[in-house]
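Going by the order they are written in, the chains are A, B and C; count residues from 1 in each one.
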Amino acid sequence: MRTTDAPMTKVLPLLAALALTAAQYAIWRYAPVEATMGLVQKIFYYHLPMSWWAMVSFFIVFAASIAYLVKRDPRWDRLAGAAAEIGVLLATLALVTGSLWARPIWNTWWTWDPRLTTTLIMWFVYAAYLLLRSAEAGGARGPTVRAVLGVVAFLDVPLVFYSARMWRSVHPAVFGAKGGGLEPEMWTTVLVSVSAFGLLWLWMLLARVAQLSQAQRLDALMVWDEEDR
Amino acid sequence: MLRPTLTLARKDLKLMASGGQGLIQAALLGLLLIFVFSLSRPAGEVVPAQGAAAIFWLASAFGQVLVFNGLYSLEELTGARLGLLLSPAPRHALWLGKALAGFFLLLACQVLFAPAVVVFLGQDILDWPTWGLTVLVVDWGLVALGSLLGALAQGQAARESLLTVILFPLLLPLLLSAIKLTAGVFSGQAPEGYEQWLGMALAFDALFSGAAIFLFPFVYGGEE
Amino acid sequence: MTPPLAHTMALQLKRAGKFFGARPVFKNITCDLPAGQVLLVVGRNGAGKSTLLKAMAGLTPLSLGAVERHVPLERTAYLGHNTFLYHRLTALENLAFWAGMYGLSPSKDELLETLTRVGLARAAYEQAGIFSRGMAQRLTLARVLLVRPDLLFLDEPGTGLDTASLAVLHREIAQARERGALVVWVSHQISEDLARADLVLSLSGGATGSTSGQGWSFGPASAYVPEASC
């Protein structure tokens, strides 16, 4: 089984690098400076793609977990693992950038915003998921245990989102309308940035999956070496 | 399906009542939590209803983890898990049996927690019908997910501490509903969006009961 | 309901294989096991005997191939190192619990009779936690008898038993066989147990140097020549 897909791993990073450069240009040169928020608003162009792709990562964990439970193919387990790692990384960055943005704009580091809360809760769940992975909990049953968790965690997302929103609605709102109307150039920049991060995300995911399957093959070889002695 | 479910639940309740460590541990830890939180209450002031409700449900959530840990470890000592899996009882019956036993054990703990909240946190239960409804609906959600994830702890798959880290964030929607509804019980005023919060708890119950029925056969297996 | 006839298939393995990660425990095992036979599963430590037994019982999924059981779970029983007993329940309560899980509702007299059969009548109201290894294993045997299995899995059931308990065990294995049950028996005492078996499945594990070159062999007990190892 070939585990590295040469064209993908060579072409993708190149494309991602080009797209990210273009995104930088769009963010700093092309998009106008927002009237009320000023330069700080530019964080938005990083924050949005990060939280967006983090959620996509968690969805991949969910889908791969179901696939693992149905097919029992360890490749799905590795895909779920890789997606969870990248998802937690992006969610961390999204939370940090969100917090940095909230400080000057909403005058607080943290607010009971349903999106932020959902991201934080998901961050907790998937961080625990990774902990379970690195502890190799469950031995032979480990992949199954993780897959079940991958499914349960994602089912919870809508409930977390709605309960967070209901909770806030009874509290005084800390802030007014979010963002306001975006100008067309801003929308273009958002799209460019999301796509650029998407390419980076895809490359990282594929590279990590390839890495994990190499590690698996190495493990298998080591077992055989021990047996030959 | 009902017969093995009840047989299992009855056996578990008998074993837990005759000195199962999970139950006593759960009750003690919960009482301790409520007492420790009562120390944070400034002299002469009452704990807000919502705060007291949060403490009550936190104690229940911790209790639930310990209860299910105890329930599933009953099957590990002499490998009885293999026997259960080999029996013709459908695996859902095992989940339901454990959930049912956990439900009654959790209620038993809460019979102690409720007066503790009244005494230590200075609350009054003013709305008995809502209180009863809340406890039943929320407890079912707790045990539905608890019985599924508690099975993960079998055979050292995950230590309880790790399980707590996973379980608590997942329980958040249910706990928020529980806190809102219970705060209403303590303050005597129905919370804003009463039906929605009850609906949220019911949705949680339904979603995770369904998920558990689908997923439990994968979780509870013969491997070590 | 007709009783299982001799030579109807009780269990079939079809190219069964099991891997732990990338390491094969056994692979490509194909054999037909008729009812009314005793199959001895032999092999050195770590050859995968217990794993094969678990796979046959459906406790662990196979990586490859299939196992087909033609006996319903209600008539399948397992007796291994694990006693499945709850220490804080009495012998009688333990037995009643497992009967309930199998959908049976025996009367108290029937339960006591089963306990008498394995020589535990006087310990019926004692908690299982105080039982010696031999007594616990006898109680386990009583649990198996209650089911009247047509498919019986034994994983080194003789370990730690005294002569009297061993005699009870051997008596019940012979009776199950006569009744038309398939007994799948993992054993270390090949020299002793071979005489009680009809068929032998020998596993040599994934290691090199196996006699048949495929890691396992299957045939009538009369034709089995024990290997020099262990």
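Everything that follows uses one rule, which is that a contact is a pair of C-beta atoms (placed from the backbone, for glycine too) under 8 Å apart; a residue touches a chain by one contact, two chains touch by 3 or more.
The shown structure was predicted, so the numbers you read here are calculated from the model rather than taken from an experiment.
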Revision key, fill the gap. Dominant interface by pair count is A-B
Exercise for review: Specify the chain with the shortest distance from its C-alpha centroid to the centroid of every protein C-alpha atom present.
Suggested key: B
Revision key, fill the gap. Looking at Cα centroids only, farthest away from chain B lies chain C
Check your understanding: How far is the middle of chain A from the middle of chain C, if each middle is the mean of its Cα atoms, in Å?
Key -> 49
Revision key, fill the gap. Per the C-alpha means, the centres of chain A and chain B lie apart by a whole-Å value of 31
Revision key, fill the gap. Expressed in whole Å, how far the mean CA point of chain B lies from that of chain C is 38
Practice item. Could you list which residues of chain A touch at least two other chains? Key: 140
Exercise for review: Mind pulling the residue numbers of chain B that touch at least two other chains?
Suggested key: 221, 223
Revision key, fill the gap. The residues of chain A that touch chain B in their complex are 69, 121, 124-125, 128-129, 131-132, 135, 137-142, 144-145, 147-149, 151-153, 155-156, 159-160, 162-164, 166-167, 169-170
Study note, to complete from the structure: Listed in rising order, chain B residues that touch chain A in their complex are 145, 148-149, 152, 155-159, 162, 165-166, 168-170, 172-173, 176-177, 180, 191-193, 196-197, 200, 203-204, 207-208, 211, 215, 218-219, 221, 223-224
Revision key, fill the gap. So, in the complex, the side of chain C touching chain B is made of residues 54, 57-60, 72-74, 76-78, 80-89, 93, 97-98, 100-103
Review point. Considering the complex alone, what residue numbers of chain B touch chain C?
Key: 3-4, 7-8, 11, 14-15, 18-19, 74, 77-80, 82-89, 221-223
